[in-house]
Structure formats: C-alpha cells, structure tokens
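Note sheet for the following structure.
Chain IDs A, B, C and D follow the sequence of writing; residue 1 opens each chain.
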Amino acid sequence: MKKGRLEAFSDGVIAIIITIMVLEMHVPHGDSIKELLPMLPVIISYVLSFVNVGIYWNNHHHMLYAAEKINGAILWGNLHLLFWLSLLPFATAWMGENHFAQWPVILYGFVLIMNGIAYTILCRMLIKEAGEGSSLAIALGKDWKGKSSVIIYSIAILLAFFNPLLAVGLYVVVAVMWFIPDRRIEKKVAGF
Amino acid sequence: MKKGRLEAFSDGVIAIIITIMVLEMHVPHGDSIKELLPMLPVIISYVLSFVNVGIYWNNHHHMLYAAEKINGAILWGNLHLLFWLSLLPFATAWMGENHFAQWPVILYGFVLIMNGIAYTILCRMLIKEAGEGSSLAIALGKDWKGKSSVIIYSIAILLAFFNPLLAVGLYVVVAVMWFIPDRRIEKKVAGF
Amino acid sequence: MKKGRLEAFSDGVIAIIITIMVLEMHVPHGDSIKELLPMLPVIISYVLSFVNVGIYWNNHHHMLYAAEKINGAILWGNLHLLFWLSLLPFATAWMGENHFAQWPVILYGFVLIMNGIAYTILCRMLIKEAGEGSSLAIALGKDWKGKSSVIIYSIAILLAFFNPLLAVGLYVVVAVMWFIPDRRIEKKVAGF
Amino acid sequence: MKKGRLEAFSDGVIAIIITIMVLEMHVPHGDSIKELLPMLPVIISYVLSFVNVGIYWNNHHHMLYAAEKINGAILWGNLHLLFWLSLLPFATAWMGENHFAQWPVILYGFVLIMNGIAYTILCRMLIKEAGEGSSLAIALGKDWKGKSSVIIYSIAILLAFFNPLLAVGLYVVVAVMWFIPDRRIEKKVAGF
C-alpha cells in the first residue's frame, strides 16, 4: 500500500523529468535542415540523459519491487534521489547548449555522481529495513557497479579539465555498462 | 505487478507529451481575433499530433492489456518508444511555426516513422515473451497496418520534396486509418 | 482493469493541465509589490480555470466511478474531452494577459462550451454502454446542469460583444453552480 | 477505490509542482563556472521549496493512509490545498530571481501560510468524516506543529519588513521542524 504510492509518486516525477528535458530543445526559428546541425550536441545530450534517467527508472523499479517495507526515512531517501534527478534537465541543457564546454560537462558529471550517491543511500536504507539476509540484500550484493560508476564519473571530471569530450565519453561508458543487463543478478533473484 | 508500473510510467510520460505540446502554442501578444489566424498551422499540427499520440496510447493500452509477461528488455523497448514519442512535441512545434515548410514536414514524418518502428519492435518483444501461439500474437497478426503506415510515411517524405502539403495529407490519412477501429481484431480477442 | 488505466491516464493529463497553467504566470522582473497588481487579471483567470478543471476532474471521477464497462469508442470520447481541456491553459493565458479583452474572453467561452459538449458526449457514450436502466443513467438523469451550462456560456459569448466582463461574470456563475454539490444526485447513487 | 484516485491525482499534481520548479532555473548563456554563482539564491530557493513540497507530500501520504472515507467536500478541500501548492513555483522563482528581496520573501511566506491553512482545513474535514475517536483524529491530535508553523510564518513576514533574510531563516526553521520525524506520532499509529 505505502510502497504503491511511493512508486506512483516516483514514476510521476521521473516521467516528468524525462519529458521536460525535451522542452529545453528550443525549436529553431528557420525552416532549413541546416538549423538542425547546430542542435546536434543538444540532441546527443538529450539522448544521454534520457538513457540515464531510463536506467534509474529501471533500477528503481527493480529495487522497490524487491523491497517489502517502507518507512519515513526511506520516503526522504527517495525524495533525495528525485532531487538530484530533477537537476539533470538543467545540467543537460547547459551542457548541450554550450557544445560540451568544460564547466557544463563538469557540472553534468557532478550531478551524475550525486545521483549515484543518492541511489546508493536509498539502496542501503532499503536493505537496512529489509534485513541483511533478505533477498534484496543478496540481489544488490556488493554494488560494485554503483561504486565503479562513481569512481569513473570522478575520473571523468578530472579528465574534463584537459579535454571535456573524454569526460563525455566516460559518461557514455557508464551508461552502456548499466544498459547491458546484469545477467548474474537477474538469475539470483527470480522475478527481478 | 511489474506490468502495472510499466503502464503507470508510460501513462505518465504519454500524458506529459500530449500536454506539453500545448505549451508550444505561444499566446499571441495582441487581443484581436486576427492574432489567431496565423496560428492555424500551429493548431492543425497540434490536433494531428494529439490524435497520433492518442492512437499510440490506445494501442499501447491494448497491447499491454493482452501481454502477460514483462522482462528487462521489454522495459527498454518501451523506453525506446517513449523516446521517439517525446520528440513529437519538438517536431510538431517546428512544423506548425514554419507553416508546413519542407524540412519541418520531413522531420515530422521521420519522427512518425521512428515511432512506428519502435512500436513494432516493442510488439515483437512482447510476442516473443508471450509465445507465438499466444492470444497476443494472434491479435497482432501480421501487423499489416503497422507496416503500411511506415510505407505511407516513407512515400510522404518523398512527396514532401515536391509539395510538403501532400505529405501532411498522407500523415492525416494514416491517422484516420488507425482512428477507425479495426473491427476484425477487436472480434478476435475478447476484452481487447 | 481497463477503467483503471483510463482513469490513471486522465488523472495524469488533468493534473498536468491544472499545473501548467501556473507556468503561464510569468514571474515579474522587478521585486516591488506593485509588480503584482497588473497580474491581478492573470491570477483571477488562473483561479477561474483551476476551479473549472477541478470541477471536470471531480465529475469525471464520479462518472467513471459509476461506469462499469469501457470500449474503444469511450477511450476516444475521453481523449476528445482531454483535448478541449488541454486548450484551457492557452485560453486562460490569452484572457489573463489581455485583461479580459473581448476576443480572448470569447475564445475562453468557446473552449468552455466545447468542453461542456465533449463531456456530454462522453457521458452519453458511457450511458449507452451501461444501458438506459443502469445506475449511471439514473444518476446523470436529464443532465439539466450540463445543458444549462452550455446555454449560459452561449449567452455569455453574445454579451461579450457588448461588455466582456459580463461574460466573465457568467463564467463564474456556471462555476459556482457546479461547485455547489448537487445533493439530489448524491442521494440517488450511494457511493457517488 | 475513491481514495485511490484522490491519491493518484494528488501525486500527479505534487509531482508536477515539484518538478516544474526546476524549469524556472533558467540555463545561463555563458559556459563559465562564474555563471553559476549568481544562481545561488535561485538554487537555495529551489532546495527550500523542494523540501517544503516533499514535506507536504509525506504528510499528505500519511494523512490519507489513515483516512478511510472520502466525500465530495474532501475532494475540494484537497484541490484547495493543491491550488496553494501550485503557487509555490511562482513564489519560489520570484524570490530566487530577486535574491531574497523584501516583497518576494513576503509573498513566499504568504503562500506558505495559505498552504498551512489549506492543509489544516483538509485535516479537519478528514477527521470530521472519520469521527472524533478515530485513529486519524488521535494521530493528528492537537496539530501543534501545524499551528506553530503558521505562527512562525506570520512572525517571519513581520521580520521581512526589517530584514528579509531573517524571514528566510525562519522558513528554514519550520522546514527542519517538519523534516525531523515526529517520533511521538509515529509510535501512536502503527503503520503510519
């Protein structure tokens, strides 16, 4: 019951986040195909963020599916994650409009790191509530993927000081890493 | 359970897509009725896209109603469809504001084709999961309507190089083709 | 099942419509309280539209609560209502920004009439599906309130040619008429 | 059943409110980190409003979880609360863009007071419907937190005439007061 409304609210917020990003793709004034070329970085940023938000939605979905109990702290842990997700459209638009310039790329990486941390915190809260031996705890395991994501994002931010495109490349690497389903975990928890 | 949240998330995204298109209808500065006349192409584009998104929502609703099992790949197949749907407000605004000029009309057709392809892919994924002899597979059949839509859209794009309004006319034809309910299929699957 | 998703989608669209209207209330550039005074017509228009959308949501809620069966035509009847509701933010913004000038007030009335008609059509569709002797048919009765609303809106539009504020006054009258609950009907259908 | 749709609609509206606030954070034109510094008041305002809306969502969630019966008046009491919540993005943007100037800070406090009052009214309606001896009535008790919030907001508005930052400080105090869970109440109602 409680979980249902938490899911519904999160779905609503994530659905809005994923969709309002498209509002930042401003319609060009001219009607020539040349108008679309300078939009390429905007479109690439949009695709990258769409995939990232999609990954969060999928994982959120799986995580809450396995969770059984929700408490007041978890509601806030969830809002904390949604807060950092809500900053993604802003960071996406800044990065796209400035054609992957240094500081926008760094801000984008920072928002991704904070999302990763917020996700891990929510994860820990759910495991704590479910108990260490719960199927949720086993499914999430050592969370090497979450930890390595934060490390790769940090490296990306450092690289951005030399070449921002290298950082963007690493953001894509992490997205691909999550996009390819983790078969091992899927097998461990039936129904996951 | 899993299907419920997939539906809820899709409903949220589609509801937002269908509604934010109206945000692209910029309020005219003057207060005369003449201000509304140049908006006519914007309004027509809005109606066309509203009907198209409505068609996708209806079909998505029917398709998932008949589906029984969902897996991780289907979640992404669904996000892929939502991605192309999310580009419709952008294409709609560009086409409307440029009064059905050539390239905006072509882009609109391209987005419609990609939506059609994404829908077909999702369809195939659901049938594969349900099994070839399932009621879902029988209901969707050979999907002649989906295939002919993509063909007509392709012809429309070619025609747009000569006269963009012909292309818009074909977009309307496809919308009408879907709008008129397919009695044959409705009979085949009770409850559809 | 089917009804649930129809309700969820409608809730989503109506929730977005009611909320995006506030996006049309552009934040004034200065920081003085005087900046808010010229916003008064915008705020009044917003309140009027918020109440109108609220009325539609409440009635939609009651109507579908009593309905039992949904078919493909009803899905479109519902989308038709949502289409006209989606034009309300545009009409609201045009009316508010032009301080209740003649044509914006007329357009607003026109959108209200079309909403009233779309609601009546949906109502008839649901009654037809449920059957003439159904509790839904009895609850909705002769729909004198729906019919008189459309008549009052039509009178309001005519009056707007002489004095737009008289029209706005009549829009308020209809909203109050719906806002005050119809005890008679509430008694007829328990649980309504 | 009825409660479910009330919750779903409220979730939708609150999800949109919490998310559209981020649309008011306009993307800076330059790509330097210096561009973000003048955004600090905008970001602080966003965080404050995000937390406030989060608090309302959490409490709304708890309140309706304990409620059993819903009537037509409660639907309007709920819409009344959503109306005042919907003004928060506007007040947030005005306050942030004007760097906590006097009148925007006062308006923000006014909107918070009205939200508090609307919440209390909804609360009373639900208790009246549930009965004075109901678990809902016991859980909400004397609502000292709600009452003291309104008093602190009123003091904040008075202080804003001398120093607006003092008022903002008090807004933060109230948010913290609600953020720290009320253990006493959580114990009283199991499942709350």
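Here, contacts are C-beta pairs under 8 Å (C-beta built on N, C-alpha and C of every residue); 3 or more make two chains touch, one makes a residue touch a chain.
Everything quoted here is computed from the prediction, not taken from an experiment.
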For this session: Compare the two sides of the chain C and chain D interface and say whether they are made mostly of the same residue numbers, over half shared, or of different ones.
Result: different
For this session: Note the rotational component of the Cα superposition from chain A to chain B, reported as an angle of 0 to 180 degrees in steps of 5.
Result: 90
Seminar exercise, completed: Per mean C-alpha coordinates, the chain lying farthest from chain D is B
Exercise. Centre to centre, by mean C-alpha position, how many angstrom separate chain B and chain C?
Worked result: 27
Exercise. Once you find the CA centre of chain B and the CA centre of chain D, what distance in Å lies between them?
Worked result: 37
Exercise. Among the residues of chain C, which are close enough to touch at least two other chains?
Worked result: 8, 12, 15-16, 20, 23
Seminar exercise, completed: Within their complex, chain C touches chain B through residues 1-2, 5, 8-9, 12-13, 15-17, 20, 23-24, 72-73, 75-76, 79, 82-83, 86-87, 89-90, 93-94, 97-98, 101-104, 106-107
Problem set entry | Residues on chain D engaged by chain A in the complex (per definition of touch) | 7-8, 11-12, 14-16, 18-20, 22-23, 25, 27-28, 30-33, 35-36, 47, 50, 54, 57-58, 61, 65, 179, 181, 186, 191
